Every structure is written in structure tokens, then in C-alpha cells.
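What follows is a pair of complexes built around subunit A, which joins subunit B in one and subunit C in the other.
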Partner chain A sequence: MTTKELAGISVDVDAEGFLTDHKVWNLDLAAAIAKEEGIDPLTDRHVDVLNFMRKEFEENGTAPSIRKMNKLNVVPTKELYALFPGGPAKKAAKIAGLGKPQGCI
Partner chain B sequence: MKKLLILGAGTAGTMMLNKMESVLDKEEWDITIVDQYETHYYQPGFLFIPFGIYNRRDVIKPKRDFFPPGVNVIFSKIDLIEADKNQVILDGGKVLPYDILLVATGTKINPGETDGMMEGGWHKNIFDFYTVEGAVALQQFLKYWEGGKMVLNIVEMPIKCPVAPLEFVFLADWWFTEQGIRDKVEIEFVTPLPGAFTKPKASKVFGEFLNKKGVSLTPEFSAGRVDWENNKLVSWDETSIDYDLLVTIPTNMGDDLIARSGLGDELNFIPTDKFTLQSQANDNIFVIGDATNLPSSKAGSVAHFQADILQDNLLSYIDGKPLKGKFDGHANCYIESGFGKGILIDFNYDTEPLPGKFPLPGVGPFSLLEETRMNHYGKMMFRWMYWNLLLKGAELPIESHMLMAGKRA
Partner chain C sequence: MSEQPEPIKKVSLIVSKGSLVDVYPALVMGNGARMEGMEASIFFTFFGLGALIKKTQNSLKVATVGNPAMNMAMPMLKMPITMPFPTLLGAIPGVSNFATWMMKNEMENLDIPTIPEFLEMFTDAGGEVFACKLAMDMFKLTKDDLCDQVSSVLTVGEFYERSAGASIIFT
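The block that comes next holds the complex of A and B.
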């Protein structure tokens, strides 16, 4: 675990840059992480997805899958890939301040 | 009479039927198992069919051969599980009440989830090998194929038997060599995972095997659709991969019954306690094998290790005691690597596959994370163990919980 300066505050992140405490998250932090991931600016559409992911995480303890967000009409899979290019499950979870998604088996 | 109802007579359901029949008091308990099909498939054998090593007859037996006497067997489709009423409705309306429900309805491939997959190319130059029909059709295709580019693609995780796709390309490399056309075949392994496998150490080892066998690896590719008219596999972000032959591992999903009954997640897998195997929503519903949403492999060996633990927990539940059995995610996989050799891996929720000897520390006879002839014999011998011991619920000489003894961290 290392400490890192993001959006003017210092936060703890793991080796891959995921926040270790999802409670410190806010939109400024999200924008800063997004920028590092090559997403700038963070649009309302991004924020909708991030908020949904955080709500699911609070309720179930895990981030929702891409399939679940598609099924619940949060965001169609195609659009999700356009919003978070190159691996939305991992990238969106990182920007949402959640841990790295559980790899499967 | 109290009623134990088991849904699904595949590997997990059949094992549990035998295990519970041997321990429950027949004066007190009535046991029923329901399945829509009368044929039991030895699914690990499907892998060998495309290469003509096995045929259909080598992987099938009647389910009835594995049911103990004195249990009720119903061959029927199931319409609905009504968890709030503790009953199951069969097609045709027959009602089966239960005190304990054990769901073992497994997982199956759903190629229809990917646009274009089941259109003009299906079973012409696009095949699965996770069904006996797909495996047999692929055997027929390969028999006359003169070469070109073969792409093996995993559409999305999780899938049943996560090592089978690797085994397929290892065997393909051997088989094309035997046919004298290896130089005319290009093999590409395309996966949504960051590497050849999920766990880092094994992923590295398998990555090296792919390389050694001349198979190219394309990681982090999320297949969105198949452009079958132009023989292209296209990702969600519009990268495309050309193929002449596409061997697909389609999206795996739990049975539609689970969705109809409102018991599943978005892939129709049932949210299940990863240690006790009790369903999260209903205390008297337990789930085993591929039907669960557990973060463990979907494989027969896993169902086998779960079965020992579930038997204990069901007995505790019946006695009104806390569920002490804790499944640790143990999986044990013989991986056929071609040219008469195999690799063995053994792991659980917390410990990734490590090198060493198995099952006897320092002795073996099997070697972990290494390619040996003995591992191949283990794989081929397993079919006999499956039919004669495993399905009947007999003890095997392997612990349910993973052991660290004999492993090098």
C-alpha cells in the first residue's frame, strides 16, 4: 500500500492504484483517477455508471458485472466499452473508488 | 415423512443422492431426484471427441445405473421452484413439496448470447465442444480440414472447466502434428483474461506452454459479436480477429428454471454461501456444483469436494445445529497437454496452483504444475474413477480440503 496525492488530498492506494478505502471517494477524486486512465473529462454518463456501481457495492459488497448493468438498463455493454475504453470492468471500478473486481477462476 | 428433493442428476446431484441415501434414515426421510434427461454424460470426455480419441459412446451411460435403490426418480422438466411455499412444480403441474431442496441444475453454454454466433456459421466453421453435439460436429469438421487459422475464444468468464480451452489448443497442436498439417495451421488463443489462466503463477506457466507449442495468445479480448459472413470475431470495442475455424466457449449460464423462479443472479447462478453451500435467500435450499455463484471453478472435482462438506452440513441442518462444514474452494485439475503428457494443478480460494508432488508429499506419483506422462495417465484413468467411484459417492484418496504438504510456495 502506498500513499498518493490525488485531487489535492493524500489517499491510500494499492499496487495497481485502486483506492484501498472506498469511503474517501468523491467526484474530484474520480475525475483525477479518470484522467490518469486517459478519460477526460468525466461526463454525466460516466458519473451515472459510477454512482450505480457504488450503490451496488454498498448493498452487495461487490461491484456489479458488465452484464448486470446491461440487463438492468443502466448502460448497454457497447456504450460502457465506449465510456471506459480498454476494459470497463476494471477501469470503471477503479474510477468509482472500488477495489479491483474479483477475477474469476 | 420428511422430504429431501434434489433437482438435477448430473455429477453433483448424483453424488449427493448417493451420499444422502447412505446416511438418512429411510423411516424418516423420503428422497426424490428430478432430471429431464435420462442420459448421463462424462463431460470431461467431450474434450477428446474432436480429435477422435473418444466417440459419443465413450462418454454416455444411463443415469439410472448410478441411482441407489429406494429413492424416487422422476424424469421430467421442471417448471418452477416456489421457495416461499417450499415446493417445486413440474411441467404438467405436478407439485413436489420439500423440507430440504438441493439444487444441482448446473450450467450450460448459451451461444445465442453473442450476436451472429448461431447464424450461418454455426456448426459449419464455428463449433463448441462443451456439448456432445458440438464435439461430434467438430470431429467431423477436423477430419477433413486442410488447415488455416483456428481461433479458440472464451467469450466471457466464468466458464465450466476453465482449463479445458487450454487443453483444447494443446491437443490441437499435437493432433495437427500427427496429421502432418501443423505447418498449415495457425492457432490463436483469444481470452478476456489478462493471461492464459486466472491465477498468476499458473498463468505464467501456461503462457510459456502456449508459446512452446506455437500458439499465439491474445489476452483481454471481450468478444461482442461474430461477423460470420466475413469470418471475423469482433470485440465490444470493435477490434476484430480473422478466423477460418472458430472454436468458441460461449457464455455459460445457469438453468432458465433458476431465472423463472427468481433465484438467480444475472447469469442465473444462485447466490450461495461460499463456505456452507446454503443458499443466501432460503435456509432450507442448498446449492452444489456449477449452479452456485461461488468464486471457485465450475468443475466436477470441485463438486466432488463440495459434496463431502455439504453432506455434513445437511446432517447438521437436519439436527438443527450450526453448519460447521466449510468449503475452501478446492479444485484439482488434470490438464491434457498433448503428446501423451499432462499437467496437474491443485488450488483453492486463497492458494493459487503451486509446484510440488501430489497426492503424497515428495512422492507423487503426480507432479504439480509440471508436464509428465504420469499426469496424463491420471487424466485417462479418471474416467474409470468417475463412473465407478465418484458418481456413487465413494471415498476417493484425495482430501476435500486442499493441503499445502508437498507444495513449494
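The block that comes next holds the complex of A and C.
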């Protein structure tokens, strides 16, 4: 675990840069992580996805699968890949301040 | 200190068999590759085409004969994993259907999509699905027989061309 300066505050992150405590998350932090991941700016659509992921995480203890977000009409799979290019599940979870997704699907 | 190995950027998977358990691994691996940001394609040949044919893709089965690894530890039987499932039992009509039904239930519980839905998810994710021309000719199939997710029917040569730079995985 290391400490990192993000959006003006210092936060704890794991070896891959995921926040270790999802409770410290806010939109400024999200935008800062997104920028590091090559996503700039963070749009309302990104934020919709992040908010849903965080809500699911708080309710179920895990981030939702891509399939679930597609089925519940949160975000179609195609759009999700366009919003978070180069690894949507992992990137979106990282920007949402959640841990690395554990699912295979 | 040794150099960090080059990350995999592209995978081409080949599916040549058509039971449920022959098709899923390629879909999981291919979709997983897209989730990690790699390019991915799946080439279906011979009986693997069954997963793409509109009339058969919903009815792929678990093979219950000739599989020495099959055992009695299925969710409903709840017997030890060390107890083999006799291949002769597997030949009884309905047993394959039953095993298929059980496996599909388990998969749904694990949030694993059906074959048609999985193909859609994979192509929505930017993965490409190819069908083998030779196998199509052999089975007297045309592209109209195949689901919409198939982007092209390819010869072996074309498959290799499209796989330039990829790790090719025969499942």
C-alpha cells in the first residue's frame, strides 16, 4: 500500500493504483483517477455509471458485472466500452474508487 | 533483473467442437480478453459452428458419454467428486438433457450468459466472430443460417491474415 497525492488530498492506494478505502471517494478524486487512465473529461454518462457501480457495491459488496449493467439498462455494453476504452470493468471500478473486479465475466 | 515480458495485445481463439463445455471456455476467454483491453476474435469451425447456427445455438448440450472426468458431484446429486459418472448412464435418453439443464442453472446463478447472449456481449465488447468456410461448405450452410454476430466467413488463410500479431489459442 502506498500513499498518493490526488486532487489535492493524499489517499491510500494499492500496488495497481486502486483506492484502498472506497469511502474517501468524491467526484474530484474520480476525475483525477480518470485523467491518469486517459479519460478526460469525465462526462455525466461516466458519472451515471460510477454512481450505479458504487451503489451496487454498497448494497452487495461487489461491483456489478458488465452484463448486469447492460441488463438493467444502466449502460449498454457497447457504450461502456466506448466510455472506458481499454478495459471497462477494471477502469470503471478504479475510477469509482472500488477494488479491482474479481469476476471473470 | 530480467525484463518485464511484453503484455498480450491480441488473441485469436479457435473452437472446433460443439458441446456446451467446448464453446463456453472460448467465449469466457475471448470476452475476458476484451475486458482487459486486448483485441479478440473467435473462429468457429466444424461442430463449433453449432454455436453460431440460429437453429442450434440455443440447444447445445453437455456431453455425458466418453468423459472420464465427469463425476457424481453435480449440484443435485451431491455425491463425492471421487465417484465417477458411468459413461453408460450418460447414454440413457434424457441424461444429457438433464445434465445440460443442471449446468445451465448453475451458470445462470453465476451470472454467465446463454450462448446467444454471450456472443452478443462479446461482439458489443468489440470482439469479432468468424465462421470457417470449409466447415460451412461441408455442412451445406450459408451465412444466412448463422446468427447476426458473425462478421465474416473466412478461409484458413484469411483467418491467419486477420490473426497477425495475435496469440492463437485452440480450445
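General remarks:
Rule of thumb we're sticking to: the second predicted complex is superposed on the first by the 102 of 105 C-alpha atoms of A that agree within 3 Å, B and C clash if a C-alpha of one lies under 4 Å from a C-alpha of the other, contacts with A are read in each partner's own complex, and residues count from 1 in each chain.
The working rule: a residue touches a chain if its C-beta (ideal position, glycine included) is under 8 Å from a C-beta of that chain, and two chains touch if they have at least 3 such contacts.
Predicted, not measured: the structure shown is a model, and the values here were computed from it.
Look at subunit A after the overlay: subunit B and subunit C clash there.
Touch criterion not met for A:19: it reaches neither subunit B nor subunit C. In the superposed model, A:95 makes contact with neither subunit B nor subunit C. Look at A:86: by the touch rule set out above, it reaches both subunit B and subunit C.
When both complexes are overlaid on chain A, the residue A:65 reaches subunit B and subunit C alike. When the two structures are aligned on the shared chain, A:78 is found in touch with subunit B and with subunit C. Applying the stated touch rule to the two superposed structures, the overlap between the subunit B and subunit C interfaces on subunit A comprises residues 65, 67-68, 77-78, 81, 85-87, 103-105.
Partner subunit B is touched in their complex by these residues of subunit A: 65, 67-68, 71, 77-78, 80-82, 85-87, 102-105. Within the complex formed with subunit A, the residues of subunit C that make contact are 28, 31-32, 34-37, 111-113, 121, 124-126.
Contact residues on subunit A toward subunit C in their complex (touch as defined above): 65-68, 70, 76-78, 81, 85-90, 103-105.
By the touch criterion given at the top, residues 156-158, 162, 193, 198, 220, 222, 224, 236-237, 265-267, 295-298, 331 of subunit B touch subunit A in their complex.
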